[in-house]
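Same chain, two partners: chain A is paired with chain B first, then with chain C.
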Partner chain A sequence: MRFVNDKRGQIRIIEALFASLLMISTITLVPSQLGIEKTHFNSYYSEGTQVLVSLDSNGKLSSLIEERNWTSLKKCIQSVLPVSLWFNITVFDENLTIINDAKISNGGLISDEIIAINYVCASLSQNYAIYIVRLQLAGVK
Partner chain B sequence: MPTISIDTFFACTLILIVVFVSMAATASVAAPHIRGFQDLNEEAYLRKIAEYTVTSPGSPTNWGQIQSSSPDVFGLAKENSFSYDLDVDKVSRLSNQSIYALTYLELLTALRLEKVALSYSITQIMDITILMTSNVTVGDSTTYNFNVTVSRDQTPLATNLQCYVVARDFFNSTTSNTAIDGKGIVQTSIPNNSNGPVLLIVFARNPYDSRLTAQGSYIFAHLSLEPQPNNTFVNLSPLNNTLTITPNISGINLESGNVFTYGYESTLLPTSNSSYIVPEFLDSSPQVLAVTGWNGSDFFIEWATYPQVPLALGADFKFAETFSFKYLVTIDEVFYQLNVKCGGPSL
Partner chain C sequence: MRINLRTRKNSGQTLVITALVISLLTLSIFYGVFEASRRSEMDNLTTLNDYVFVTKLGLKKTVISSLANFSSGGTNEILATNLNKYVSIVGNQAYFGKVSILFTLLDVPPYQSGLHLSWDSEGTGLSSAYANYSLVFTKTEANLQFKHETNITTKLDVEGTYNQLEGTARNVTVNCKILNEGEPSLAKNITISYELDGDPSNQEWINASSTNNIDYGNGTYRMSFIAETESVNDPMLISAQVYDMRGIFVLANATCSET
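Up next, the complex of A and B:
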């Protein structure tokens, strides 16, 4: 009877249960597997930057913009980027006004993960115009 | 035993069990996350190493031209260069076709890295496939037809073609193009008295940017036995605008040497019995160096490209996990694809 009536230890059990709940709840703080999936940001950014820098190394990029030759610009980018990548280019002037009146892209978007690279290039002609080229890239996951 | 002691014992046991279960669960859930961060750190570290070797000229800065020594510090960039511009001689020294090629041990020593393995491969930006489709002999000449296919990553490309034909006492050049399906036809006629091996060199150039130029070579028999594979008779090692020829068979007599680019061709000027001066061209094009000669009564043609691309040097990662970094580089104003593979200590 004394064993049944003595209820002083029950608080310890309740305490232990609360402690258990607290510890188990910490698991929910760990990010899920989906959250740690690697993105392609580094590789796409590196690839896109290299393409723009390489194309502009002899002033080709700025001269195509100067000539407003969007078809050639698209073909040049298309020739050096991997075939598996989607791209879209927007060209701004120094006032951030879009100057390409035609779409410079290789088709429809193939992924939600899009990265954007902003590249500043200067015209080699006498007007020394500054252009900002925004290259957006996406690839198949 | 008082009841409170039993209760406390059960409570402590329960809390310990929960602690262990929680630790195990947390560890198993967090482990991939932690491993992912390690991979990211390792990738960033190896990327920096690869980037450094591509953008640094190394030491001495002209190590590619110094035939007799290996670099103190490895780097492939051209001296005072900008934007992933590689040195033609440094690249050529990675080719195992060259007598001046670096060994993997020399490469690792110059990289000054421990526990990191690397491999470099450089390929042309476009692939050219040449296939002979027919030949017809009419009168004192034979007409050959070839299908030329130009592609990039299996995607066909429309290009302009410049072709050269080198045979015994005969030289010809012709132009053509590939359509949007990447296919083109090249036709050439060769006099029957120039029988022997014939070398067809095809340059393909993207019409929108001259730096997108690639070359392909095809050797075939013209009214003779099948020609021997390239490098059977001599080894060609271009470096520092000098072509060094090393006979692989004794009794070789060299006849002439020529250099071809997309827009130009020229005869090579001999400096000795075993070397020629390679002229510099302002053309954005790979160079093909062709040498003709005699092995007894057999006529031969051997060739090499300058830079000696495609090439591959480094560790064999066939069954290993690696990080692969691709770069679009220029060598003498021509685009190439460089692939650097790195394997770190924890991979």
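Up next, the complex of A and C:
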């Protein structure tokens, strides 16, 4: 009878329940934090891809590569990417041999977190060729 | 005794407020977790969409390049060869798991191996290519499949009129209209020639040196030139050879009417 009437421990049980809920939700939050880091990667990936698509959709990217006009390629990329982003481009042929003999970059690396986009660029010319453009991006943290 | 009672009443209020704060905290954490995971999923979807778009663009450019080659005298295996090359390189990229592209070339007449050229003497020329694809992304969790088709067409419509001048000379006006996939498009290069005796069987085509060119900017071009035929009664046969901006060649012949 004394145990039934003694209600002092109930609030402790509720407290323990809330505390355990808090702990469980914090544990659940950890993987989503990793997801947030991935979001950072995704936004750069998306931005870089759109820059390359805008250059490639009218055949400009492949024609600049075919002309080996690395200076114009650098200027084109520089004009469309935000100034806060660092970039470096490497162009490979079908056999994965590097074909750009000059550096296509806008300066020194500003962050250790670099993302790389491998873009397969098909040429529009009669002499069909495929190039793989690797665009590396990094932003200020 | 009165003081003790007041203290006991207040202690309950603190508990209620604490419980409220804790539940608010819990709710906000749950909301944060849900929102973060939703955003992550949306971003993944956007990135996949970008990748699919890039692959479709590459396939389209491969078809254009193949048609440009074929219309300029290449073999009709070129489309299959180029698509195989593209598919094998894309297959080695593995950002979203294994990517495989299965393509089918249209082989129903008038298409052969996905390619078709129709350059007639009725004033219409057509260079066309057609292929459809199935893009399959194989991942450990799920498989994704996209169906896609590419139809590249360059069409040329030619018509001409002429005024008889002195002797065998004629003032010829030619109108050319260029269409890419049914939409007006610009030309990279246009060459007009005419038949010396109006008989196409002996192929005596003479390049017309155009004196007046008008580019209307909407895929329509007007060219005027002076032609010298063998005799006054020869029909005025003209031939227009056009490279569109993508490098696809198309040709059309037409007989001019006298005005």
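Criterion: the second predicted complex is superposed on the first by the 102 of 141 C-alpha atoms of A that agree within 3 Å, B and C clash if a C-alpha of one lies under 4 Å from a C-alpha of the other, contacts with A are read in each partner's own complex, and residues count from 1 in each chain.
Operating definition for what follows: a residue touches a chain if its C-beta (ideal position, glycine included) is under 8 Å from a C-beta of that chain, and two chains touch if they have at least 3 such contacts.
None of these values were measured; they are calculated from a predicted model.
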- Partner chain in contact with A:N118 - chain B first, chain C second, else both or neither: second
- State whether A:I13 touches chain B only (first), chain C only (second), both chains, or neither. first
- Message: According to the stated criteria, A:Y45 is in contact with first (chain B), second (chain C), both, or neither; which is it?
- Response: second
- Touching A:E94, do we find chain B (first), chain C (second), both, or neither? second
- Task: Go through the superposed model and pick first if A:Y128 touches only chain B, second if only chain C, both, or neither.
- Result: second
- Item | First, second, both or neither for A:T26, with chain B first and chain C second | both
- Query: Is A:V53 in contact with chain B, with chain C, with both, or with neither (first, second, both, neither)?
  - Reply: both
- Task: Answer with first, second, both or neither: which of chain B and chain C does A:S79 touch in the superposed model?
- Result: first
- Query: Once the complexes are superposed, what residues of chain A are shared between the chain B interface and the chain C interface?
  - Reply: 15, 26, 33, 36, 38, 42, 46, 50, 53, 56-57
- Touch list for chain C against partner chain A, complex: 15, 19, 22-23, 25-26, 29-30, 32-33, 36-37, 39-40, 43-44, 46-47, 50-51, 53-55, 57-58, 61-62, 64-66, 68-69, 72, 74, 78, 82, 85-86, 89-90, 93, 95, 246-247
- Message: Touching residues of chain A toward chain B in the complex: what are they?
- Response: 2-3, 6, 8-10, 12-13, 15-17, 19-20, 23-24, 26-27, 30-31, 33, 36, 38, 42, 46-47, 50-51, 53-58, 60, 72, 75-76, 79-80, 82-84
- Item | chain B residues touching chain A - in the complex, by the definition given at the top | 2-8, 10-12, 14-15, 18-19, 22, 25-26, 29-30, 32-33, 36, 39-40, 43-44, 47, 82-85, 125, 152-155, 157, 206, 208-209, 211-212, 325-330, 333, 335
- Task: Using the touch definition up top, name the residues of chain A that touch chain C in the complex.
- Result: 11, 14-15, 18, 21-22, 25-26, 28-29, 32-33, 35-36, 38-39, 42-43, 45-46, 49-50, 52-53, 56-57, 59, 62, 94, 118-128, 130, 132
